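Chain naming follows the written order as A, B, C and D, and within any one chain the residues start at number 1.
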Amino acid sequence: MLDKTGIAKRIAKEIKDGYYVNLGIGIPTLVANYIPQSMDVVLQSENGLLGMGPFPFEGEEDADVINAGKQTITMLPGSAIFDSAMSFGMIRARKVNLTILGAMEVSENGDIANWKIPGKMVKGMGGAMDLVASAENIIVAMQHVNKAGESKLLPQCTLPLTGVNCVKKIVTELAVLDVLPGGGFKLLERAPGVSVEEIKNATAGKLIIEGEIPEMEI
Amino acid sequence: MLDKTGIAKRIAKEIKDGYYVNLGIGIPTLVANYIPQSMDVVLQSENGLLGMGPFPFEGEEDADVINAGKQTITMLPGSAIFDSAMSFGMIRARKVNLTILGAMEVSENGDIANWKIPGKMVKGMGGAMDLVASAENIIVAMQHVNKAGESKLLPQCTLPLTGVNCVKKIVTELAVLDVLPGGGFKLLERAPGVSVEEIKNATAGKLIIEGEIPEMEI
Amino acid sequence: MNKVYSNADEAIADIANGMTLMLGGFGLCGLPENCIAALVKKGVKELTCISNNAGVDDFGIGLMLKQHQVKKMISSYVGENAEFERQLLSGELEVELIPQGTLATRCMAAGYGMPAIFTPAGIGTEVAEGKEVRNFNGKDYLMEMAFDADFAIVKAWKGDSMGNLVYRSTARNFNPVMAMAGKITIAEVEELVEPGQLDPDYVHTPGIYVHRIFQGVNYEKRIEQRTVRSKQ
Amino acid sequence: MNKVYSNADEAIADIANGMTLMLGGFGLCGLPENCIAALVKKGVKELTCISNNAGVDDFGIGLMLKQHQVKKMISSYVGENAEFERQLLSGELEVELIPQGTLATRCMAAGYGMPAIFTPAGIGTEVAEGKEVRNFNGKDYLMEMAFDADFAIVKAWKGDSMGNLVYRSTARNFNPVMAMAGKITIAEVEELVEPGQLDPDYVHTPGIYVHRIFQGVNYEKRIEQRTVRSKQ
């Protein structure tokens, strides 16, 4: 089973040289730490920055330099600043190659819910609806089951949707799965020490298992 | 009767302190020379400049600094440069207070034709269609009659239209006229030495004459 | 053309009860702090506020919420404000949550004189309810309307007396698109300069969009999530 | 991520007959001179060119027209080119004249992922023929579609190897909106610099939009209407 760092490390392997990547809050943010130094990858922060760097050294924080999670950050050489309309313009025009974000639920046809629990949590969707509606390549980073032990990979989402038919891949503490265009979670890899049976038990939606499922390499 | 300079001078009187003004090619360009120094007026050039100044001194031309007529110009302190989309964005959003342009024909309901003579001249509309479709306040600077001696103030335009119901005021070598919202050219002022009769003869569209028509002051 | 005001109180003097305001900033970054303080002092009420966030309990728009000055918030993310949540759940506050890109683009539409724009954000979700859906090239889009705000209130780094504005780093965010979108736009700046002191090539908001400008004071520029790494 | 090409020939090598190109510039100002020269040299044909103007007889897109490389021009103003007029009247050249703001905004729409935009430009004229008219708040607008170009070719003043661009003065014009709009965007620059040498706050076109960049040579920067005043 993977910890959060493991999930981030596994997702980092999906990133290719030359990619522009938008990382959501939470586990996706950690992915930045595991992108190989040899690769030219540019991180987009939807509040208006291309070229996000690591957190600043203590004492060097700048209130005017933050990411979409409102965290103080730094900018790398070759950064560019722009306004919010252009930021979502480049997202909508599919100039961002990969979007990695968290989810509360994903359905077997690629719907995602991650912004609202009626009567309980009303924080808003932020940029998530724009990202999932436009990105060509969306990877969800999340736990396979919720705190109540219920599967988050469902036949249908029960929570209000963020977007429909959009998630392409899911990486959890147990497995890597593709969401097939025709519907269904296709099991690609098992986390180290996790059995196919455990993944089956944790997946409420249609799980497609073909042939031997390899253990993932991180 | 006014010469081109006279028309430009008379139009300059329509400009108010604080106005942002777009000047078309030809007579409208001359208007810039007669804006009182005491007024803060900013000239917009639709190729992407606010704060157009006079022509450069000889030897100081810069190929990168031109106006919408492709003439070399200068920029005044407080200028701003922007791209073509923003330029027409501010025009469309009616941030430009006054548009002055030439015309081949104007109809009594405020239609304007100034971009095409079928089979003869096909230069294109440039920014004129955008300007006339959006500007709140459009003054046409033109000759009252064409070279064949035919009136350019018509019941209906005969040439392909640039815009409909948009011209508010016309200044010619003979007169100043308002285009009334309900239709008709309301005669406001006569050029020095020009009689109402002469204006009547030169105007094919509906001319509205109420009371004494003063001679214009320039 | 006198656009220069002496302070926030003067610049916002005619903002009245019931008006719709756009307020720049992302989180607490690039906030028009002076104008918000002046609005709180003036006590104007029943406002509709269009702003990406609702501030925190004791800063930003949170200060206006605390005084019950806001009737309705139009935002994309409001998760940092307990008082906000209380007012929302008790029904004191009306809230319209919309996607962040939709918020930005509806501002831009207003500034560019476009009555509506198309975006796929929200298709298939409750955001799409009651809205026109239109298919282009096999993909569905929502038609979203340009905003209509009485005032846009923005914060820039530098500005000149003609209203030209320059923003600094990610404090730019929503400020330029809102600056274009207000019927009247008020800009507060950290440094007010004379015309000619800003390079025309690097003006972010041309002065034509800005009606009032003043030199702000005492910027706190609070940091919401101070994250650092230690020097090794 | 290697975006840097050694010259125009390399950068345009895969532009093929029948493609649709956007070309930046206004008149002869801010023209991608090197790429135009390379396209003429390569002799690629049947092109659809989206560009505000069509150059003059012996410069700019006029050079491509002379070689009969252009099948169709989409422009707003073409009045400076006799060869153009001859080809148009003889039916050799197809021409679509559209309002300048519509041209710019259809580029921007492509760059911002918006399939269509609304503009009042052309309402009641032949430009409106066959297009959807829609009324918003009592005013009619045309729905105009985003452009779809295989390549956008732009000229900037400075650029870095990550594709970030800075334009100079009114040579900016259509270049930034076209840079955003190409499926593949090629930028030629007067000065190519290393990442970090352009101030992130003053980048006009973020590198994400630019796929290829090269340092141009021998810029002529011809002036179309040299107008001066004499020193008194």
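Simple rule for what comes next: a contact is a pair of C-beta atoms (placed from the backbone, for glycine too) under 8 Å apart; a residue touches a chain by one contact, two chains touch by 3 or more.
Bear in mind the structure is a predicted one, so any value in this text is a computation, not a measurement.
Using C-alpha centres only, name the chain that sits farthest from chain C.
B
Between chain A and chain C, what distance separates the C-alpha centroids? Give it in angstrom.
Those two chain centres are 28 Å apart.
Express in whole angstrom the distance between the two chain centres, defined as the mean CA positions of chain A and chain B.
56
Calculate how many whole Å lie between the centre of chain C and the centre of chain D, each centre taken as the average of the chain's C-alpha atoms.
Chain C and chain D have C-alpha centres separated by 33 Å.
Touching at least two other chains at once: which residues of chain D meet that condition?
Within chain D, residues 105, 112-114, 119, 167-169, 172, 200-201 contact more than one other chain.
Among the residues of chain B, which ones contact at least 2 other chains?
Answer for chain B, listing residues that touch two or more other chains: 49, 75, 81-82, 85, 88-89, 91-92, 134.
Following the definition at the start, I'd like every touching pair of chains, please.
A-C, A-D, B-C, B-D, C-D
Show which residues of chain C lie in contact with chain A when the two form their complex.
Listed in rising order, the residues of chain C that touch chain A are 26-30, 52, 75-80, 85, 88, 95, 97-105, 107-108, 119-127, 157, 167-177, 204, 221-231.
Residue numbers of chain A touching chain C in their complex, please.
The contact residues of chain A facing chain C are 45-49, 54-73, 75, 81-85, 87-89, 91-92, 111, 122-130, 133-134, 160-165.
Which positions of chain A touch chain D when the two form their complex?
Counting only chain A, the residues touching chain D are 17-18, 20, 40, 42, 44, 49-51, 75-82, 85-86, 88-96, 134.
Can you name the residues of chain D that touch chain C in the complex?
Residue positions touching the partner: 105, 112-119, 136-137, 139, 141, 145, 166-169, 172, 200-202.
Sort out for me which residues of chain C touch chain B in the complex.
Within the complex, chain C contacts chain B at residues 1, 110-114, 160-162, 164, 180, 194-196, 198, 200-201, 203, 206-209.
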